[in-house]
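Take a look at the structures listed below.
Below, chain A partners chain B and then partners chain C, in two separate complexes.
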Partner chain A sequence: MVSQQQHRRYPIEWVLPVLFIVFLFTLFPVAHALWTSLHRVMVLLPGTPFVGLGNYRNVLASDYFLVALTNTVRFTLFSAPLTVLIGLGVAQVLLANFPGRMIVRSVVILPWALPGAITAFLWMWIFHPSWGILNLVLLKIGLIDSYIPWLTDPDLAKMIVIVAHTWTQYPFAAVLLMAALGGVDQQLYEAAKMDGASGWQRFRFITFPQIKAIIVILLVFNVLVGLTSYDVTYALTAGGPGDATILLSFNIWRESFSRLNFGNGSAVAFIVVLLSIGFLVAILRALPADIFGEK
Partner chain B sequence: MKRLSNLWFVSIALVIATSTLGLSALAQEDITLNFTVWNYSLETIQDNIRIFEEQNPGIKVNLIDYAWPDYHDTIVLRFRSGTQTDIIYSGEDWLPEWASAGWLAPLEEIVPEVAQYKDKTASYAVNDMTFNGTLYGLSYYADLISFQFNANLLEENGIPVPQSWEDVRQAAESLQAAGIEKPFVYEYDQELPNFYSAFVAQVYGRGGQMFDGELNPVFNDPQSEAFKHLQWLQDMYADGLMALETHETKVVPAMNTGRHAFTVLFNYNLAALNNAATSALAGDFAMTPMPGDSHSTYGFAKFYAMTAEAAADPARREAAWKFIEFMGGGDYQVAKRWAIEKGLGFAQDPLFDDPDVQVAWSNWIDPADFKEQAQIAQNGTNTAFTGIWSAYFRPLLAKAIVGDASVQEVMDSGAEEWLSLRSQFLGY
Partner chain C sequence: MTIPTLKRILLYLAAFLVFFFSASPVLISLLGSILPDQAIFSFPPDWFQFGVTFDNYRYIFTGEIPSSYEVKGAIRSMISDAARQVPGGMLNSTVVAFGVLVLNIAAGAPPAYAFARMRFRGKQLTFMALILAPLVPAVALATPVYLMIQWMGLLGTKAALILVHSVLTLPFTVLILSVFFRKIPVELEDAASVDGCTRFQVFTRIVLPLSLPSIFATGLFAFMLSYSEFLFALILGGEAKNRTLPVVMAALARNTDVSWGLLNASTFLAIIPTLVLVVIVWRFVVEGIIVGSVKG
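For the complex of A and B:
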């Protein structure tokens, strides 16, 4: 028997190495970013004087902020539910029994495994205004008379980046939802069928209650991914045309490395963090209390 | 036992001596220089490096490349993070910024013999490589932004070569009526530094300026040529006369479809347009002086610069200087190669009369046209904060062109930001 005293031996010493790593790679960078956001840190200007909330004021008053905020919120509000919905549909299809389903399952995960820049390149081949395959197909079948400027028209570009981003994210949702759907007791469906329940009723009263927790988790996850998304949109439109697809996360980079103002860049980063927390709180508050099985 | 101890002692001494000698030989043997470039024609750069390494045993050059739109930001990131960087491609627009930050070595101060190349280099290129009176590098290439057109298409439709932007508009309308849907194709990507330079080139063509002698913005005056030109671009797009492409590598094939007649690009793209091996319509394309009253344009130099980090170490400094001189100086073999194989412009005077260059260039351009345009080219307004401001202004330009903002809004916002930066950096 190991005594309770032996269990309590050296707890600090055991935890310290891990805490040190957490401090070094998480707390220190966050603290440093917070410090930077409260100081004027411009590479080309001497000194780093304390400016309080000055950087936050600069960012909030800037030309781009409102547009970037609106774009980011719109991007997130469309892409997160869309990702979960498509993931759910794909998961249902992949659970069906059909020849070659293992191969299809492997292929479906591919978009999630691809780096964002490659994904953007693939979508550029489809949507490019001059040589994209979509324009060619639409023209050949007579649906359009002239090429559509998918990526250079502000409204269309906003839609395209959501499509491309969702395509990269839905496989992860599909995999998790497949696992959740696989856990639903099949006998319940059989009983419901015998009772004459329609497909929608079976989904609503059997499937959904049993996978709602994972749906919420995926929703929260995709909201966070949406709020901090950068790679696909940057590689596809670089925020353009103009600022039509500019996102807040872009401006962390742009303020820091294009405009060499690390104070403003860090302030944007903390605004994104606050926004993420706001979204999380709103989602969790909107949920029923028993969502995770608690009474 | 004693013999055994002695044997041990001798063995250990030998091991230490060998290791020390080995280490010291290793230290003398190789210096590896990190050379960062934007990823244009990497195979040519690699081959030039191979030749250099053969001629300079003991110096290795590690090539690191980044995409052109990301180049500035990535270099800043390398400098900020202290990543070993020895030689870089630099540009006229970034020199004041990077030199002010102390990231680049004032080459003329640490290697005085570099000054010998000044007299053999076109003055606009020397200006672009000079900051606070000190030369910071040797030229990789020096070129122009030029107005390029499909001469065959114009001839077929009986349209004269445009001399003004009004002519361009009229020609575009005529071509559109003849079935060319979008006669003008424009390189449009707010992340490209040359998205701004190309706009400046067109303003220069009109005889305008972006700033006055005291660095006051003049572009926000509705009577200024810059203001008029942005309005011109916005109207061309709104009226369906202009197509947008995100990069020169897409403009060139687009021009080769025969669906566009005019563009404004770095001049070396004309070599690609007229390259029979890759272009369907090779031979149809030409340049003409930038439309407008003055026909001037934007001339610039891109150059090899040594970092302050490399200069701080005497051995690296010497090796880096050897590499820079090989690439941008000496007998100009590397610059000549770029000119012949890729059509890159140059600033080295001896190359203008080089028969090999003249023969190669006559395949894709009339050298007299290039010389005429080069003689009236102007530098940009390069200050320590021009790069920062350009990163702010380019998205505004992009926004105005597609009609997402009015020209007045964009120009006013750009002017306000310029004045704010001027106040921070120059105190007035």
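For the complex of A and C:
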């Protein structure tokens, strides 16, 4: 009987293909990158001598490291909570009943499904300092007298890359939060209403505890995505103006493929991984939630 | 005004805001694609003084130079031959993404069933390892994956991209499919098993036919992710005629000589298949997951 299965041996013939494909392309590359980060691997120099933590020292002492680290951390600390908050708001709206709900629900995942280059272009079209539509609209309705240099002002550019990145990520958060919110027992709300609980109290004491686990998962996920994100920001500002929006992830790429110093590139990558682990532990400490327990 | 009416109005307003926030960049791009460049660059801005035009679309498909670029003294940008790679890029992306869809279903459905219905030692551990695998930063894996593909002799082939994209999508496919398989009434599987079906026969004769729409829709989800993947498509892609759409679009967006109208037209063309997929995926995958959680 399917429904009364006893513990059985490992069903290797069912799971082997997927494990083979996924782990072959995950474990070997991770091991290879770790090895590279501990050796001098430069295309221009012969041999690959062991250098211990030398590559890490190079990276930490480089001129870009501190700026890129600060930018990456700021980018992540703003975009991850913003993504979850917008996702929560959108999920609440999409669960309500209104005409045209299917259309709005479908359109909402569009930002998540678009290629990064297209996303960057769409936002450039809005924020372009000379012919972006935002300046045009603000000028027409009389809010500004002269064009605002959105992408050429360092502070505004930092803000805009966060907006553009968050735009690509909130749909996924909204979908998972809709599933979580849909699972909350409606009778609890009825009971709370009869006890005279306000809207905020109902959210704080009924909804939040039940969706807390998914919020923590989404925060962790978005922090990891934020720390490694590069495509939208790179296509939008290429790190500029100056070094206002350079991220650590650009430097993985730049060290490896334009300076051809694969040792340093892998060292940057593992610094990003360490940073991810640090954030992960901090979030799980600050917001303990029974993620892996029973439902 | 009564309180319920006010609530209604606030809800419609919120729904409109969500729609506007998600769709307006795309709609603006559509608008930009049918305006001649001299309208876009005009100052003080007046976008509609030159009417609308479909020349940009005609250029992408036929190579016919838009008539507005012949106007003497018109403010115009260069046009870029790269825009003509858009239809080819869409075709390449579609072929790769279809391969990813097939491989995801073939390799993803059996383990999803095992995770949904079998009890075995190490199940939790295997599942967690599979779900955590895609969280390793892809940029860090670029070089070793390139070397592996080179060693396999697959550099510049579509097979390489299908394989690598499947690595990125399979964990999600297995996760979603096991949610769907769990919702099939277990009594049906019991009945077949009592009638003497083996485990594998239960899977191929009962479970697969019953969940065919969900399986196909989950495959489309993998299709969608593959269709928009950029990094590996760039480094493993090879020569120009093999480029997938995101690579073509990135090259186009960094080309400062390209006409804005043309760029908008290419962008909008590139969005259309995604838009169609998004509707199907939402209808069959996302609604399925949400309903599953409500009942579960």
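Of note:
What we mean here is this: the second predicted complex is superposed on the first by the 264 of 295 C-alpha atoms of A that agree within 3 Å, B and C clash if a C-alpha of one lies under 4 Å from a C-alpha of the other, contacts with A are read in each partner's own complex, and residues count from 1 in each chain.
Just so we're on the same page, a contact is a pair of C-beta atoms (placed from the backbone, for glycine too) under 8 Å apart; a residue touches a chain by one contact, two chains touch by 3 or more.
Given the structure is predicted, the values throughout are model-derived calculations rather than measurements.
Using the contact criterion defined above for the overlaid structures, shared-chain residue A:Arg202 touches neither chain B nor chain C, since it reaches no partner. In the overlay built on the shared chain, the residue A:Thr228 is in contact with chain C alone; chain B does not reach it.
Look at A:Ser249: by the touch rule set out above, it reaches chain C but stays clear of chain B. By the touch criterion defined above, A:Lys212 lies against neither chain B nor chain C after alignment on the C-alpha atoms of chain A. In the superposed model, A:Trp123 makes contact with chain C only, not with chain B. By the touch criterion defined above, A:Trp131 lies against chain B and chain C together after alignment on the C-alpha atoms of chain A. Set side by side, chain B and chain C differ in how many residues of chain A they touch, and the one touching more is C. In the superposition on chain A, A:Ser258 makes contact with chain B only, while chain C stays out of contact range.
Of the two partner chains placed by superposition, only chain B is touched by A:Pro241; chain C is not. Shared contact residues of chain A with chain B and chain C: 130-131, 253. Residues of chain A touching chain C in their complex: 1-3, 5-11, 14-15, 17-19, 21-23, 25-26, 28-30, 32-33, 36, 89-90, 93-94, 96, 98, 100-111, 113-126, 130-131, 133, 136, 139-140, 167, 171, 175, 178-180, 182-183, 221, 224, 227-228, 230-231, 235, 249, 252-253, 256, 262, 265-266, 269-270, 272-273, 276. For chain C in complex with chain A, the residues that touch the partner chain are 11-12, 14-15, 18-19, 21-23, 25-26, 28-29, 32, 40-41, 44-45, 47, 106-108, 110-111, 113-114, 117-122, 126, 129-130, 133, 135-145, 147-148, 163-164, 166-167, 170-171, 174, 186-187, 189-190, 193-194, 202, 224, 227-231, 245-246, 249-250, 252-254, 260, 263-264, 267, 270-271, 274-275, 277-279, 281-283, 286, 289-294, 296.
Listing the residues of chain A that touch chain B in their complex gives 42-45, 63-64, 128-131, 146, 149, 151-154, 238-244, 246, 253-254, 257-261. Of all residues in chain B, those touching chain A in their complex are 69, 72-74, 76-77, 80, 97, 100-101, 181, 188-191, 243-246, 250, 253-254, 257, 384-385, 388, 391-392, 395-396, 398-402, 404-405, 413, 424-425.
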